[in-house]
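Presented below is the structure to which this report refers.
Each chain gets a letter, A, B, C and D, in the order it is written, and its residues are counted from 1.
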Amino acid sequence: MTSVAVAGCTGYAGGELLRLLVQHPQTEIGALTAGSSAGRRLGELQPHLTPLADRVVEETTVETLSGHDVVFLALPHGTSAAIARELGDDVVVIDCGADFRLTDAAAWQRFYGTEHAGSWPYGLPELPGQREQVAGATRIAVPGCYPTTATLALAPAVSSGLVDGHDVVVVAASGPSGAGKSLKPHLLGAELMGSASAYGVGGVHRHVPEICQNLALLGAQDPTVSFTPVLVPMSRGILATCTAPLADPTTSTETARGVYAEALAEEPFVTLLPEGQWPQTQSVLGSNTVHLQVAVDAAAGRLVAVAALDNLTKGTAGGAVQCMNLALGLPETLGLPLVGVAP
Amino acid sequence: MTSVAVAGCTGYAGGELLRLLVQHPQTEIGALTAGSSAGRRLGELQPHLTPLADRVVEETTVETLSGHDVVFLALPHGTSAAIARELGDDVVVIDCGADFRLTDAAAWQRFYGTEHAGSWPYGLPELPGQREQVAGATRIAVPGCYPTTATLALAPAVSSGLVDGHDVVVVAASGPSGAGKSLKPHLLGAELMGSASAYGVGGVHRHVPEICQNLALLGAQDPTVSFTPVLVPMSRGILATCTAPLADPTTSTETARGVYAEALAEEPFVTLLPEGQWPQTQSVLGSNTVHLQVAVDAAAGRLVAVAALDNLTKGTAGGAVQCMNLALGLPETLGLPLVGVAP
Amino acid sequence: MTSVAVAGCTGYAGGELLRLLVQHPQTEIGALTAGSSAGRRLGELQPHLTPLADRVVEETTVETLSGHDVVFLALPHGTSAAIARELGDDVVVIDCGADFRLTDAAAWQRFYGTEHAGSWPYGLPELPGQREQVAGATRIAVPGCYPTTATLALAPAVSSGLVDGHDVVVVAASGPSGAGKSLKPHLLGAELMGSASAYGVGGVHRHVPEICQNLALLGAQDPTVSFTPVLVPMSRGILATCTAPLADPTTSTETARGVYAEALAEEPFVTLLPEGQWPQTQSVLGSNTVHLQVAVDAAAGRLVAVAALDNLTKGTAGGAVQCMNLALGLPETLGLPLVGVAP
Amino acid sequence: MTSVAVAGCTGYAGGELLRLLVQHPQTEIGALTAGSSAGRRLGELQPHLTPLADRVVEETTVETLSGHDVVFLALPHGTSAAIARELGDDVVVIDCGADFRLTDAAAWQRFYGTEHAGSWPYGLPELPGQREQVAGATRIAVPGCYPTTATLALAPAVSSGLVDGHDVVVVAASGPSGAGKSLKPHLLGAELMGSASAYGVGGVHRHVPEICQNLALLGAQDPTVSFTPVLVPMSRGILATCTAPLADPTTSTETARGVYAEALAEEPFVTLLPEGQWPQTQSVLGSNTVHLQVAVDAAAGRLVAVAALDNLTKGTAGGAVQCMNLALGLPETLGLPLVGVAP
């Protein structure tokens, strides 16, 4: 058994990590830590974690986190580096925050406004070369939920050259759990139910450089992305509509689907739906599965790829557990649900 | 007082027409007609129309519709022409269906597969020249809800030349009321709640030619639109994210906002929000108001315009009443709510 | 024209008051005041109030509120008395808060824990004698949203003696807007969407003594109420299921319906639905209408009455405007929507 | 490995059975059958069952169902008997429908209007004696979702004599998945979202006799139940508020909680929350866990018990798998999630 600690256990990412880890056959849950909630019963803060209800939340310190095989960090941006530095090199540290995702210090500085902490192996095993990198790593940066969705939607197209990664347009509908358990007026239920709204429009969202970094890694030269997130009334889920100009405007949907089918044939978590069937977030709710579909819009000269995933599972905690499995040499899919909770 | 009849009073568009007409100071509600529901109390079928609950639904025939000053048609596609032909030329006939929206018979044939019935004055008064056309008309085709949203979002940009109308990308989140009261499995509540899904992807949605027609009317040469509708869990509302390559990549957000502010200064129903505030559908729910915002994404070289409206009000029935007001020489805003039902 | 001021214009009750007052033909909107938001544009805080977007929020003081014919108070509990005392006796002051609802000082003390401020005419015109009291009043206490719903559901039964008001059980599903725009974790969208939860269970909710007070006013001797509010995923609306032991266990549904029909015949805002049709909140959303249905459960020996209303409209702001109309001698229904925004 | 077949695999109960069975370590999924959908890929009809997407649905016949160790029936009412009769006595047949739940033929006749098929061991292991009955059974009737919720909420109180089972009032909020994938207008998403509605009011719901049967089994003499189901906007989940007159009106909440704590101490799926914490359906979504809380309302002289569960999991398919585990001699909790998918 592998002992794991979760720092930031009272937030949405921390709660989802624990939902998955409780059901994981190879992990033993150790310290559960947080900031201001230290000392409280976990059941008060995460009532869905029934089997852990009587566990007491400890303070997030190097001491409480030490002595585990794996430490998951689900902390506010900018706080992971100090902790990670103090944990032994043999401990597998998996960061669900943004701190170590970007390789470009200038991009970090521009979007986050603080000093760059560095970069860790990027925990998106579906990217070329990443499965291998993660397998040997003791420090792993879990991707952002939007970049995971957009990257997986476009990866086969970019790496095959169907599209070249310039002038990509991504509009992603998402539930508010991605914003965390923050007490902000626009995240109140009365504001969100029955309403859709755009935010972070015009290239200012922090996930833009991460999407570009991934497209470059897939082979795009100077990728550009117009990215608009849209908040919609569902707790979880991202549905990303991603379009890009076709390199060859005569490409057919059949050709595009063939490229995708081949690229995804061996991926355990990414499924190309049959022609004509389009992804819906409900189908992947609570699972680590991604549903994809792709079509050519001949009149517009664009490829349209749509991906659905659960932002807390494959988009955060499920992706993190997938990386843990790889880092520990366990089967990549161990303990990860493949079936969504629908309807 | 103006006597009005509503054909198709049992559907969502018909219900919304009646919600507005009950509160309109210059209309008197005459015949309410439908197909298979003829003979039933309206209150059984549209329980929200309390003041009309005891009205009995009549059959949709030329006879029941005759003798009114205005006839609204909220009927299935393909059925308006036969009825309109039989109603007198002096009767104002306002069609909420698609039959008379497209001017291009080939486009109609391609997307609807039936013979083109012709085209009527297009009921989007905010388009150049349309307010005048509608004012003198006795036949008016109310635009589709998605084309209304996308067109209003982009109109100032296209007509001013900020963008030229090629390579437009529109992704629009919408509630299911736009699909009507159809008994289809994917429209069941259990399927939709907690889920987002794309449909009509890849240029096949019937609203594509209508959006292109509008962009051309605004001055675009050979416009192209990649359009993806996304169903999200709210009864009503459309939030459209519309992006297009900037004609001049150095255009600033300030310049774009200035163009929009000037273009919309006199529009009673379309409001440009202050800089930094983005539209949300809740703010316009049940109203005839459209909220707009626009920004430049310099890195992507694209203008991003976001519009929110209520698909049943400004997107259908409110737009229809606005046209009725113009056709009858009444104040354009008469009887139309400007304030959304929020939260 | 009547000049009105709204204190607490940035909350949900204040926003709804303004939505209704903007459309009211006899009011002119004067000072809009709040606490910490003073100095900001209203459009930032209440984006749905498009026509008032550029109004600047003033501080809530006696000075800003003075000089109006009517002052609406939508303030935190315990703050109305001090302000009301300073406003002239000829000013109509309508309090949407709880301060002046209860006549029993001991009940106030027990449920609110502060000193009782006194009681004002109770603004539920549908109660016997209240329409007349409100008509002559310059101080009016608007009922709580749950008491409005439960009282209207049971009033014909209690006043006719169908039930005697003891052992009443009320379970009411409600959206979170009734809790106000409070930054509390359990009101976050991610917590509420897809979830139902009970709160204030076991007789501790502050609306219990108000419901009992109303049942007594209707003629019940020592009424008792088991009241459980249930939070459900919709922004607005209350659906209250109210049951009580039948005084005569042989009462039929037909008899009960007859009693209700007679009692409600002249009420402009309370509608008994036809037999077999049960209320739904959507039908009354945004309107001042209440939908009722009643049946006898012979095996259980109980009357079951179900009422639906919009907690912000008839349950708060619409009820307040109804009272203003009465107090000013205007038609009771003036400016109040009767048709819900459905679907 | 145990081979299992699922008849009615295209509905919501069938889909949930398969979601659980895919993750169950001791089952091998055999025939998947349905009526009119026979011949289609399961992935078209149940897109969330990704690992089974390519399975082809067979027709529901004795032949297709034969040869399995366990057959789950998730069929329309009235169709199970004919099939069960033809399956061998050694096959474990678990019926998710109503056919074999009621022991009283007259009650069946009154509520279902057809001839009574008989009764099978009742699959609610938490009832006294039922765990043992189910353990030896090859025919098991899975309880209805509402009866499961109400019974579990009240069981400790009734069996201990805190309440005697007369004049019970149950109001249960539920999502529409309990109504199945039926194409009925009131189940459309546009009708349900943003709305709460009561149905089956006044003692006419078919689950009333089943609740009474369970209360009698717990020791109640002539139990009576006023039961009102309320449809609310969430796909899944039931929150039942259950009240009953206290046998001894001086009973304290502490005493009641003590009774519940003792009664539930060994139950793997039913959890009494700590004092002051009330159940919410989100916490148990997708899990087989039930959350309970209980309080005394001294002024009303009633016990109030609130239970939350997932109608498709513990309320149907999870309960069915729990019964299968018992019938096969497997650990009762095997393969059943204990943690809800929240937020």
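In this text, contacts are C-beta pairs under 8 Å (C-beta built on N, C-alpha and C of every residue); 3 or more make two chains touch, one makes a residue touch a chain.
Values in this document were obtained by computation on a predicted structure and should not be read as measured data.
Asker: Among all chains, whose Cα centre is located farthest from the one for chain A?
Answerer: Computed centres place C farthest from chain A.
Asker: Pick same or different for copies chain C and chain D, depending on whether their interface residues overlap by over half.
Answerer: same
Asker: Whole-Å distance, chain C centre to chain D centre, using C-alpha means?
Answerer: 37
Asker: If you average the CA atoms of chain A and of chain C, how far apart do the two points sit, in angstrom?
Answerer: 44
Asker: For chain B, which residues are shared contacts with two or more other chains?
Answerer: If we look for residues of chain B contacting two or more partner chains, we find 12, 177, 188, 190-191, 193-194, 233-236, 280, 282-283, 285, 342-343.
Asker: What residues of chain C sit close enough to touch chain A in their complex?
Answerer: These residues of chain C touch chain A: 12, 175-177, 179, 181, 183-185, 187-194, 233-236.
Asker: Touching residues of chain B toward chain A in the complex: what are they?
Answerer: 167, 169, 171, 173, 188, 190-191, 193-199, 201-203, 208, 224-226, 228, 230, 232-237, 239, 241, 243, 245, 253, 278-283, 285, 293, 295-302, 304, 306, 308, 342-343
Asker: For a test of understanding, state which residues of chain B touch chain C in their complex under the given definition.
Answerer: 12, 15, 18-19, 22-23, 41, 43-44, 46-51, 53, 177, 193-194, 235-236, 271, 273-274, 277, 280, 282-287, 289, 291, 337-343
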